[in-house]
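In what follows, chain A forms one complex with chain B and a second complex with chain C.
Presenting the complex of A and B:
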């Protein structure tokens, strides 16, 4: 009787497998069909590509008629640069807030925390004005600056908690030996917070890579378009060419999926360690 | 005193070196634009580009000028509906999946977690296009799929009709982001001490009642946090609607939310030119809505949920 309402392990697996299929099927459907000929895409969309239906015409079209390589390079540059700034500047500020007592430190911490909840997008009208007046419109620099500002609040918040947990002995021993504060930060603190830096890196990277809003507003030019914006414009243009549309989606999906599978453990550990609270 | 002098000279140069770069970039590109946007909402911009103080005029226009108020009320209403669907579908499914994953001795839980989280990683634009293709009557793959479950009439044009577009797009967004509540709730469930659940099981409870009576009340603070994160994200949404329905959020503005209204107001569309000060006004109102949500959350956490916290 006691177990009558308990789900058997088989039922649990059945539920989880069904949801996993719901989560993955649409993505896999797009990827498989991008390798098929136009006729096969429409005639048998649910079958895997085989020797008869295999066709790379979509990829040829995409790589030939759009600057996908440029988009990728732009996205990578913007993401890597923003990431570097967020990690280095964020760790520096987090260290200052966690380590030194100074008048107004609570105020600075609160001031920096505002950005965790309030989306930077809401300031777009003025942000565009500022970027134009700095002469940075249609440059990747504009995106890097905005994404750095966007990523810093959460980075500082997470890293500060980590740094606060580092035992004082290490730092005090170094200080007794006359090591400068800069050396303590670079040689002692940074290596110790590497796991937290990895978590912050993943949280910073995903929204930057996927963003449409700021590329659309601050850098819509063909030379500065990121993958997300490039795809959006390419598909708008080739909306009836199914091979090209499916291929361009696949080109945008696959690198992220590979990166995700490589780093998923890091990401999930970050999410489940209560780093975002 | 001794420990004070350990932390450097009275004027701590290093303090500024560490803190200043982050504070400067954050202030210049986040706080300043936000404040300046709030300020701009009280100004009007003439055709020659000059600005003049306008008081509450922009706000009065949005709420009383019929052309503006219809759009604004429509977008706000749609946005609340968008949020409501996330709260009613995304978060319960997320909690349910997290509860399943946190069952003791479940095999393959890491695999499930990783795979179910996958759509969350992709760009909203990509997700929008994927579903647009699947639901497209031209491809017909959606019709084939619903045929398997006995719906032989095929799919109606879900993204083409006023009555279904917003609902469909909300569910697409739910499908993409269900991984976030799942992960956060799962993490909270791991922190519930096993003794509590074991004690209840010994006393004759099953996993199901143990979840409802013991675990769920204990993780309410996380549920509240997930709700406020959902709220902020939903009222800041734009990419999905823009990618699938464009800035006009059709058909007939039926999928218009605050983000798309903000974009249209700011940049203009078709024959209507963009209007930065009205754009700033819409952004300020979005700011106000989000602020209200965050305040309610902080208030609720402070007043009620704290006592459950472990």
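Presenting the complex of A and C:
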């Protein structure tokens, strides 16, 4: 009994640590090798960069010769815009579904839940047709629209649960105070679901940032390419510029890491303590 | 400030009706307490008045205006919730000022501010905070306050809105006993100070008795009785109110009518041992009818000095210091029906468990209820047992 009890946490830790290593290893490998010369990358891919193998040629190429700044700006604007739309529209829809009983509300909720189960890429062809007929091909707007649609179902699903947990008394107290429904939403509901918003933000932004599929079919132009698409130019059919690929991948981690750090600070608990006893 | 008039208020959820036609008049400046056991509909009734639930049928007037279809804020009410319902992400000051920052609606439904000017809001909040001794706490968050302080903030938030009517929904039930007494006094003081119309819901009859100008006892969606605390205590209209008001509650004994006079009736208790003439108007009572007679524990005394006399064995003695409660035995040929029979006696009584005691009560202290639980009118003029006349 005693042994198994002591073994339990050990086993759990061993499992988690090995998972962490497996998950982080490829990323560390990319970062190490982005600082090495081409020769060293192929000779000893697992070793850390040292004085002999240290080389910034990849970064020089990425930052110097290509239009990487444009790609970065594109990625950032698409991610931030989509994120903003998903959070605002998602929270508003979740509030409507959680708070108001209107005919068809159950159907709408179910309809949105289906959006979680069916991957949006199945509709790529129709999406392409729609975007073309809207004249939005090769624009960032097309990407923002598609990513907003992609992120909304899960956002609404998660936020609705959180909003439903906010005590009714708070909303009713506000209504007695003569506060409008809009202001209840902005001044009471939104601040109280901040941790949930942060969670949804993290879930939403990472697939958007990393996506290659939609940039490739909806906005493949030089001016509208995102980072993931831009990196492809270094991957050729016969020759791949590994220095540049690894350097751009390393750089691509930075903005999303910063965004993640911003949101993860919001993931604090106990925000509602003191509201109701 | 305003009168409130409820006429035939009904509320149904689906096919089940929870309030069956409530008629209540609340005068301007009156402190009215809705009291009743849980599930009697008292909180629902309060929420109907507040406008948080829709009224299924009947008319609600505040200050002479029909308000059935108005929103809570249009009704100019302020509600204090049992859970306090403070906004956790706002300071005490912000909590109190929140409802004021939108006197007039700006663009986006008041989102961008507008409305009453800042100085007036500051003045109002500080005035309310001062009267509730909240000033040192204005910058704190609700999570940093004790239960009593949170309750005061919730009351303060209601005061700053300067409403027509204050609604309190069991405001003291989350506080501990000592704080409850303090806050109760505080609320009584506020009522005098603000001269406000207050409707207060509680299940605690002590709160009801101490605070109310008028008590409305609700039972199962009906008004069981409505009157001043002393009227309810001395002249309960039915067995439910008689048992609900007063602590420990009234003792009931089963009896049969053996004779009917013009202004009194003779009954014999089910045990057959006690036969007594009681000064009540018989109404349409028939001979041999079953009745319940009720006597409050505090109107019984040891000895045999009064007309209504019984004796029994003591099962439990509860000593409270200033008084002792004797719970009398309930055996096979016991005169007392199913409930334990309680007698309040003085604190230094030497009676112990197992002793046999004689108890008695004045005839004017005895209540009689007919088979359907309606009280028969008592003819007594003994001022110890009747409510003082209303001024």
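Basically, the second predicted complex is superposed on the first by the 207 of 277 C-alpha atoms of A that agree within 3 Å, B and C clash if a C-alpha of one lies under 4 Å from a C-alpha of the other, contacts with A are read in each partner's own complex, and residues count from 1 in each chain.
Everything below uses one rule, namely that a residue touches a chain if its C-beta (ideal position, glycine included) is under 8 Å from a C-beta of that chain, and two chains touch if they have at least 3 such contacts.
Here the structure is a predicted model, which means the values were calculated and not measured.
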With the two structures laid over each other on chain A, which partner does A:191 touch: chain B (first), chain C (second), both, or neither?
-> second
Return first, second, both or neither, reflecting whether A:167 touches chain B, chain C, both chains, or no partner chain.
-> second
Of the two partner chains, chain B (first) and chain C (second), which one does A:140 touch, if any: first, second, both, or neither?
-> neither
Would you check which partner chain A:219 touches, where first means chain B only, second means chain C only, and both and neither mean what they say?
-> neither
Now for A:181: first (chain B), second (chain C), both, or neither, which partner does it touch?
-> both
Could you tell me which stretches of chain A are touched by chain B in one complex and by chain C in the other?
-> 172, 175, 180-182, 271-274, 276-277
Which positions of chain A touch chain B when the two form their complex?
-> 2-3, 5-7, 9, 12-13, 15-16, 19-20, 22-24, 26-27, 29-30, 41-42, 45-46, 85, 89-90, 92-93, 95-97, 99-102, 108, 111-112, 114-115, 117-127, 129-130, 145-146, 148-150, 152-153, 156, 172, 175, 180-182, 185, 206, 209-213, 217, 227-228, 231-232, 235, 242, 245-246, 249, 252-253, 256-257, 260-261, 264, 268, 271-274, 276-277
Residues of chain B that touch chain A when the two form their complex = 6-8, 12, 14-15, 17-19, 21-23, 25-26, 28-34, 36-37, 40, 93, 97, 100-101, 103, 106, 108, 110, 112-119, 121-126, 129-131, 133-134, 139-141, 144, 175, 178-179, 183-184, 186-188, 190-191, 204, 206-209, 225, 232, 236, 238-239, 242-243, 259, 262, 266-267, 276, 279-280, 283-284, 286-287, 290-291, 294
Provide the residue numbers of chain C that touch chain A in the complex, in ascending order.
-> 50-52, 71-74, 77-79, 81-89, 98-99, 102, 105, 108-111, 141-145, 147, 150, 157, 161, 174
Please name which positions on chain A make contact with chain C in the complex.
-> 167, 169-170, 172-183, 186-188, 191-192, 270-277
